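Two complexes, one shared chain (chain A), two partners (chain B, chain C).
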Partner chain A sequence: MRIESKSWNDPVLVATVAPLAVVMVAFFLVPLLMTAVLTFQTTQYYRLVWTWDLKIWTEVFSKPHYWTIMLRTVTMALICVVLTVLIAFPVAYALATRLKTFKTQIQILIIFAFLTDAVLKTFGWILILDKNGVANWLLMHLGFPPEMLNLLFTPTGTMIGMVYNLVAYPIFTIYLSLVRIDRDLVLAAYDAGASRFRTFFEVTLPLSRPGLYSGAVLVFVLSLGAFLEPKVLGGGTSPLASELIRQSFETRVNWPLGAALTMVLITTGALMLAACAAFALRRTATTRRPA
Partner chain B sequence: MKKGTADISSNIGAVNRRSVLKGMGGLGLGLAAAGSGFLASRRDAAAAESLNYMCWEGYNAPSILEPFQKSKDASISIDLITDSAGGFAKLAAGASREFDLVSSDSPWIQRMGPAGFCRYIDEADFADQFAEFYPQFRAPFEPLAFEGKATGLPTRWGWVGPTVNTKFDKLETWSSYAPVFDSAYKDKICLLDWGDWPIMPLALYAGVNPYEELDAAALEEVRKVLRAAFKNTRAIVADLAVAQKGLIDGSFRALIGGGTYATSALRMKGHDYIQSIVPEPKNGLKQGIIWMEATGLIDNGKNSQIEADFLKYIVSPEVAKQLAITEATCNLVPNSKAEALFSEEEKKALQMDYMWTAWDNSQFHTVAPNIDDMLAIWQEELAAR
Partner chain C sequence: MSQRMRNALVDTTLVGSVVLLLIFFYAPIATLVAFSFTSSRVLTLPIESFSLQWYGELFNKPDFFPAVLNSATVAAVSTIFATVLGTAGAVAWIRYRFRLQGAFRGLTFAPLLFPQLLLGVVMLLWFSVLGSWLGFSTGLVTVIIGHVVYITPFALVVVAVQVYGFDETLEDAARDAGASGWEVFREITFPLLWPGIFSAVIFSFLLSWGNFYVSYSLAGTARTLPIFVYSGIAVGSSPIYPALATVNLVPALLLVIVAEVLRRRALKRQTSGISTS
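Up next is the complex of A and B:
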């Protein structure tokens, strides 16, 4: 296939790209720029005072608790990525290879769970994780001591909620990668004497990387903005960045501070993603290098 | 301050989600929805006057708004607030030009004065309304005054103190906030994450009056008391239902920072063993806090009579009674004539037999000069938890 080289002088290309470019500039770049500008303003008596001041950035860089929360947010997001991928991969693999008969029904169930409002799902976990909730009731009837689990209002509770609410994303991205793997490649590996285990690690897993990476990126980005789970299931034990930002905007009515913390969160997330992308590209290049 | 779980903005009046959905149910399918929307728009346009009203949940009940709309041939558009500070910030950012009235927590109504968008109330015009209020709320009413002028009228009130399940604890145990810091109550306390509400009572327990100008030493005391409270606290929750559930099943032995706002609706539903009390004064410092919601007029250049009429309407005995007993929360009202309209059960739910005891032992929740410092300390200590 011949790939035509396109240039910005090509009117068709410009006409094709222009609508998206306009949308991105108007609804992403301009708000981002406005947020950045806001960080240099100050507030006086709950009103924004238009000035150019580094006061907010001085506060952000001089108060360690902002960074404690940012670090906690990134850590929680990374743990959430690992857990969701670990859960999603076997589910997606089973859907693609072992449960073909019930594939549609299972997919519909996952989609239903995915589309159910996150507020409902998160509050539902309270009934399960509470000291006198369903989980402890079940354990007690299985012979375990009463109130054995104490997960509600803990960071673990927050993590359970985050993983549950986000696991559908990697399930679908990984599934889509798995079903696109050419079956002949797997059979060729078997023919060449590879075990199922080796075939999985040398053929299936590498070829499912695009889905795995895209699922991981989705979960990471959404985890960085997790708000409901720490608020409802964390009970103040694991405040994350989004709550800090909400408090700054709403409760403290300090919009420049909220904007600065938003910029810190976006930058942190973008840098993390860039680092992961560089790592993934290097790894792909290494894998493709001829022997 | 953030209270409860009200989290939607709606437009009550001719065009709102409920009326559109109702129309859909009646006529069926999208065509009917479009038709009802069109008719609704026509009705809205046909109304002689319109009001833009920013308020807490409860003030927007159709049973409150519809009679006024009918009698005045007016349409009222509602913007529900979820956070008093956020609502004020919206007005301060320029929305004051769009709104006619606001019902919010009293410090934020009072702040409209210095912010420059308050339409002050002529107390003489509201003499009949003030005459119906309990003496404690009559003009001149200091908590809502700015430079001697009234910024609004009080509409609902209550007190903040420990909310206790008396099945588990005696009320005498909570004659002080000491159990919040007692290891015997470790992981049995719930703080309500409602802005400054949980901070103020804990500051009072530390011997600091948060409604006065605080120096660094006093702020350090606030920090220490919050840190100590966090150590013993099981959860800091923002959702009222979660806090109430824990209180009923005993997983929380006390809620701090909610007071009657968290209690009365439960008592109304039969949980009369849940009570909000006010601790005894400590070292001469009253430990309870009286919170109050108020309704103020906004100086938006329009300043028509209908806005003042609505203010008179919302504090009238019949409407005040409806405002007191809502689906989500139940609260006291300043109109003394409304008292006769409450049933015995409602009076009991509202703890009316205790209200003046609470009043006498409480500070009034006004503008705290160092509120941002205290909120910053709350954030810092929460991060370190």
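Up next is the complex of A and C:
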């Protein structure tokens, strides 16, 4: 791979970089700054007033109600990370090392399910998890007592939906880091007499760390914004942060409050990202040191 | 022997995990398709008899076809923008080195790390403020802008994988043979990147077609298909939604089949090219 150094005087560089950069600045970066600015304003009679004070922030920090929901959101996100990674790893590993014949077909099936409308898939889960739904019907016909599971409109229902909608991300990232592992390293470990298990834990697993970390961070960050699952499958019984944000926009028409809560969520995600990046960098620094 | 058994056990577990995942992935989709053909009003098993009446009811709903049209327009326009911007971005990411590249990479990758709802909310705030200054309200145009911001990073990553394995000696050869800059792009660069660009098109279209969060925040009074479904199931489950889900799968299915056929044909051409040369 040859890399070309380009100066900003080169029209080719401007033509490739500028349009995308402009779109992202105008519709992503500026809106983000605008959101931060809005948290210092207030509303009166459902209208925005440019006051420049800390009223909203004192409200956010003084109401424990917001922080209970925030804490619940982070807890749910962490559980979701653990579950998705535990499911994704064996699947990605099987795709990378076994199943040579049907690999493409399975990949297409996974991508196809991933790209299908999330609202419809979530609606499908209602039909499965409902008290008279498919899951209980199947269990009954397998000899279990009728209406055994009662998962719809519970946090477990929410979690099933979140795992379902997010598990594809770690499958992609872990798979990508597994296929990039140099096969010779694994063979060298075998030659040196290591068992398959030892090789897995000392060669493959450490080398798949980039995929594990990036998948985990993606799931964490994306599940902070879960809205459909708690609303549709959780029945709104234990709302998450996203619900709070929607309410402050739609019911209360309080933009500054919604903006402040959004900033809290974004900051939480960013801190997690930074922590993970720092951790990953330190790990690679220590493993690279000659023994 | 025990070693072999253990290996067999590992293999079974691994393959089993893939099978279980596919069942998990397709359980709700299969359920929807099955229920779309029921004749009953309540969506419970067992399905007593089959009928197409809910498809009829769906097509007779006055807001159904406008929603389809909106979804298709948004998906088509966003796909064009996202693919073009994403391809240019991917080339700049991988092949070029320039000042402020780090900032460019961060800026173009960050939306991928944003929960869609927050992305939608942040843009909604911006468009609302902008709208109150300039006198416009949110609608399909803002949805398209939102989709482009959300989808371009995906397209960029998909194309970047293709750019990464790019063999630039072919470009050099074409240039040595006297091709102009545009000819090199048209005859060499573009065809070589085409598989990645094509995957990006499919990815972008389906991400936009099925997108709920961003559309929901930015659509104003306009409705796309996912919003149409959401507002329906928020009120209570009606038997027309399984039918809608099945209809919704059709464009995705068609795209995947077309992609697979093209891939096979390209593969065949490649292998036959090798055997003749």
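The criterion applied here is as follows: the second predicted complex is superposed on the first by the 266 of 291 C-alpha atoms of A that agree within 3 Å, B and C clash if a C-alpha of one lies under 4 Å from a C-alpha of the other, contacts with A are read in each partner's own complex, and residues count from 1 in each chain.
The rule is short, and it goes like this: contacts are C-beta pairs under 8 Å (C-beta built on N, C-alpha and C of every residue); 3 or more make two chains touch, one makes a residue touch a chain.
Just so we're clear, the structure is a prediction, and the values are computed from it rather than from any experiment.
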**OP:** Check whether A:63 is in contact with chain B, with chain C, with both or with neither, and answer first, second, both or neither.
**Re:** first
Original post:
Touching A:153, do we find chain B (first), chain C (second), both, or neither?
Top reply: first
Original post:
Looking at the overlay, does A:245 come into contact with chain B only (first), chain C only (second), both, or neither?
Top reply: second
Original post:
Looking at chain A, does chain C or chain B touch more of its residues?
Top reply: C
Original post:
In the superposed arrangement, which partner chain does A:15 touch: chain B (first), chain C (second), both, or neither?
Top reply: second
**OP:** Identify the partner contact of A:192: answer first if only chain B is touched, second if only chain C is, both if each is, neither if none is.
**Re:** neither
Original post:
When the two structures are overlaid on chain A, which partner does A:232 contact: first (chain B), second (chain C), both, or neither?
Top reply: both
Subject >> Common interface positions of chain A, toward chain B and toward chain C >> reply: 48, 123, 126, 130, 132, 231-232, 249, 255
Subject >> For the chain A and chain C complex, residues of the former touching the latter >> reply: 1-8, 13, 15-17, 19-21, 23-25, 27-32, 34-35, 38, 48, 87, 90-91, 93-95, 97-99, 106, 108-110, 112-113, 115-128, 130, 132-134, 137, 164, 167, 171, 196, 217-218, 221-228, 231-232, 242, 245-246, 249, 255, 258-259, 262, 265-266, 269, 273
Original post:
Which chain B residues qualify as touching chain A in the complex?
Top reply: 1-2, 82-83, 85-86, 88-89, 92-93, 111, 114-115, 191, 193, 195, 230, 233-239, 242, 245, 249, 251, 372, 375-376, 379-380, 382-385
Subject >> Touching residues (chain side chain A, partner chain B) in the complex >> reply: 45-48, 63, 65-66, 68-69, 123, 126, 130-132, 152-153, 231-232, 235-237, 239, 244, 247, 249-255
Original post:
So in the complex, which bits of chain C are touching chain A?
Top reply: 7, 10-11, 13-15, 17-18, 21-22, 24-29, 31-32, 35, 43-46, 85-86, 88-89, 91-92, 94-99, 104, 107-108, 110-119, 121-126, 128-129, 145-146, 148-149, 152, 164, 166, 168, 203, 206-207, 209-210, 212-213, 225-226, 229-230, 233-234, 237, 241-242, 244-245, 248-249, 252-253, 256, 260
